[in-house]
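The first chain written gets the first letter, and so on, giving A, B, C and D; residue counts start at 1 in each chain.
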């Protein structure tokens, strides 16, 4: 098992493109070199374009979980009232953090196979006029579901509530319009749909969000967890609070450039086609998609319920060892496995590779799967909506 | 200034080798792929070999400042008595953190052109029998000085005090023997003398240090700042607390492999030769080395006092723009510039490149510098102690 | 169509591994650098190991066609009697060259769907006692067939005839034992089964072959076509006749190292498994394999006859444009398309990718294909003989 | 000596840029992939721009010596009258080839420390009205000299003579204006001043040159040496005569793009500055430049006569082993060593590195060299004409 999987169709980190790899492999140099500082500035600009915002872009130097923690710890004061949308393990984890930080939490729950409607969010906002922050996960990767953040953003703004969106698993694969949807804090990362490196958090922060942070006397400074350091030293100044992760910055720049050159429309279309083809295949194989509603399913990740008697770890290991294909096991949502359609794997026949491996792996383990019919359905879907 | 410097002889991050670049540019994949997990495990093993220790190795996923903050926040309780050795801006910064965390600090100071002797440390330990932690920076990069950590480590252990060493700027260039010297927490990183990527903290933690952490009820968990997460989930388990920075891990692995294959003796010898050659050149040019004592000067960084009337920013900018060579400006220690001899720049004629650029840049700006004599002295030194 | 195919399952050049890519991207330098000369020497050694021979290894600096032409032009004198085994377009092309060089040719023909038996070769040798050279193509890539070179080599040696084998499409995927099989001139290249770069010819030359060349007064010298330059200057001396192709040398070295580390047995087994799985799939789809006999089919390339009314160019273009998969069109053998199982594509589900794309492409163009059954057969075969 | 030189300042192949390295390391794929064919077509277009010509561009798949031999073998008929300008070993070698091909040669000689004047060429043309071809080397790398090809091209066109220019060591570093100067066959390569890979010949061919080739019934076809194959199959068709060297094509494309983006003026200026600085340094060191006239010296290569008693091999080996710097030994012109200022080494302080290493190496071997004065002169020259 020294050799990485020949095909990785996991939910992320994803495989990266040649362009990103070349960028990661560039000579490194000194972060104070003016050429590097120009690149870092440019990365902020491009992330703003990807997120469709003119808000400040904070580039934190650790993978997405750093950005999420940093945003929360900057915004949340003990006793502050927060609505937390918990339709999956990630949302639940956000609640854990909020609780540890002393927030007074109103949790909007749906179970892990559904997502809340805009109406549910509107009702929660209306019922809690003193809420200051609402947290929501755009794509609950563990469940394969997508929340209605366009509506949620506008509802929050109308209610004077700062919205904080975990868009780590969606940006670059699903539509995210920060300014149009009035989203306040959008946390994403390069390593999923953008097909970039793991190791950075990309955060858009609105003036409303900065105002909330300004009201928190314990918002960290001089800390790896501090968004304010980056705001005050880099965005408003020209100094790095500490040394950026150079190879990751180079890779993220390449990923953003590739996204913008291909164009959001084209990129989103191939993610949509890949997701649709995978779902068609799963159904035709006689398997069950995890979420209840097709309309709740994210095009970037397909979660498949496992037949009784099989475990996610067992299936993933079989497929990896026997066929050299890496799927994602469950991540706390239930007995399922997951396939990513993210970045480079939202192209060409990656859904076929994933379903062929999954189908045969299930059959090897004793399940009844109609592999051929499933693959034909996937191919037929791709024939109508090519995703090259 | 879009083009990076042709020659980077900064104090770090350094240029990286072809081997590291190739590793950084490898296909990325999924962190749960067994092949990646094996690589991550191997990185821990190799870091242990580099640090000459059988202690636990915590690999935190952010550049060195994360590791330092994480170690402090894990170890320090409000009111805890801590000796802080502050012989430079980095040591002073450590004191700032200790203060913010509520420690009761005994600061051992020397000014920025000297380092404390072992006797001074011994006296401080003797005078403060209730101290629990001693913090010291091995190489004060801003000053170009090196502290006697071999003695300090043993004194601390004898006194029952946990030692915490910032060895970020020394490991891979100067001798660091964690177990032999009885060092408890050694924090380093791949991006300086090891010639690896920026973005990771490599931390050796002794049982004594874990015991101290165990006495701190506020040591973070479920946080990007948490050493305990890595201890409990990865070291004692087999799970990642969050997604590692894959390209950086690949690069760090290559850097450690290269160090171990070349062998510590050979690597340290070429750092020593480079530093000695640079110092000979600086003196022969008629310039002044920053530190007072030759014996306090680190072979990995040469700090040069600037002639009156010149600023570090001005000199560094001139040299960069005019000659394509990137030096390091001062970092809070005084009016000086610095040259690194770290990793790949501790080879061949890099000291000549650095001093030729510095000398001509100073002359351009009106200083009197005997460039030719200086470069001849550097070359003569290298002729006797080649550092290929 | 600016973007290369997401999946390339052509007959070669093949996709290359990360290791080869990294090697190709290394810093280049000067060919007279002792470090480069050592690498070049090492490449010769490793090629000898791959070819299982202690004969001289000539590394010519152009793709395989250079090596073939160079070998012929070195060996063939006008009027010299040569047996040419022509079971495909490549063998036919060899005959064209022999004719242009004035050889007196005895052509052993079989049509393009069969290969000659050892008996046929033995008879030709017996009937032509004054033959000096026999030329044979090991794998006729255009036909997907493999010739019995083990027997042919021994028959030639017994008859005192020099054998020249075009093993370009087989070495690294099929067994080639130069010394054991008494083969005299074996011409191969890194870009097919070894998964290396295009741009080199790797040639093993026996003493018997050099003796034949020695009898040719017109064997070129001081020419890009000259094998003798490399023999006399590099092999028997230590000088390059001209500048080697540095990146290709680096890449080929990495490819040979990878082959030898994985081990011939493991490598050949996964090529065999891939070929067998592909053939099972083709048949189960209701399509026709090109060659008449299963035993004549090479595991490294699967040639599939096209249904009437379809053209190879049309099918290949459809599959490439619609699904991002690159197959090989016919190369002069008839109305067929071809799939390679070479190097990195002789792993994992590459045969599934190739057949899914081909099957759906054929269906799109109006053919009747049982895609699902075919893919199930391929997967079932891989389930029994995994080729990770 | 496993490790390549830390600094390569040879006469070529040169070190390559990050951009070229990244291109060489891209995934390889199939040459018939439409995306690759588009890249190959684009390479021809860019080479035409670099050579400032609208003539056909033939891209042959072997290093420069292939292009030179191919051009000669296509153009030269036995008994054809050819003027050969032989002012160095390369020109002499061209004469050797011409002789082997049966040409009737008029050799214009100057010795190896001078170049012919335009008047000398004019006289030779006037005295030989039946000449059909004139061969000249633009930069005689072994001598460090440059011939007046602007005038030679025009004189040839006026006389109805086809000119063939070996511009391998000049294109990308010195001005070459194919159409304006009426040059007929210009042979160059990516690996010297363009800073690209070794392994390709880039040839511009005028209609007049094709007409000459058309009069040669023995111009090769179906051969690795054939320019006509590329003309007829690729330029006038859309088919490759054989498989191109994919990594080299990718690298050459990147090198041409970089040249055109930086702009010829900027590129030539930094080559000129580097050459001038090196020559100033050599003189100030008390050493002797090889050529007699400063005006004959090429900015891309500095040839330095060795003090009596030293050998080129000895000096180059000393400098390489002791200081990790790779110079070029002599190449048949006399007792000298050479420094390249080509591509990436025509930037920044590369001339300082080269002369520091050379000077100290000479001193180590017992010569009297004024190293300091020499390096000061080099730096002073660069201070006036920066070449970043």
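Just so it is clear, a residue touches a chain if its C-beta (ideal position, glycine included) is under 8 Å from a C-beta of that chain, and two chains touch if they have at least 3 such contacts.
Remember, it's a predicted structure, so these values are computed and weren't measured experimentally.
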Point to revise | Pair exhibiting more inter-chain C-beta contacts, B-D or B-C | key: B-D
**Study point:** Identity of the chain that, by mean CA position, is farthest from chain C
**Key:** B
Exercise for review: With chain centres taken as the means of their Cα atoms, state the distance from chain C to chain D in Å.
Suggested key: 34
**Study point:** Separation of chain B from chain D, taking each centre as the mean of its C-alpha atoms, in whole Å
**Key:** 45
Review point. Can you give the whole-Å distance between the Cα centres of chain B and chain C?
Key: 52
**Study point:** In chain B, residues with contacts to at least two other chains
**Key:** 3, 5, 21-22, 25-27
Practice item. Can you check the complex and tell me which residues of chain B touch chain A? Key: 1-5, 8, 10, 12-16, 21-22, 24-36, 38, 61-66, 69-70, 96-97, 100, 191, 197-199, 222-225, 242-248, 251, 320, 326, 328-329
Check your understanding: Which residues, counting only chain B, touch chain C once they are in their complex?
Key -> 18, 21-23, 25-27
**Study point:** Interface residues, chain C side, partner chain A - complex
**Key:** 3, 5-7, 25, 321-325, 344, 347-350, 352-353, 356-357, 359-360, 364, 371-373, 375-376, 379-380, 382-383, 386, 388
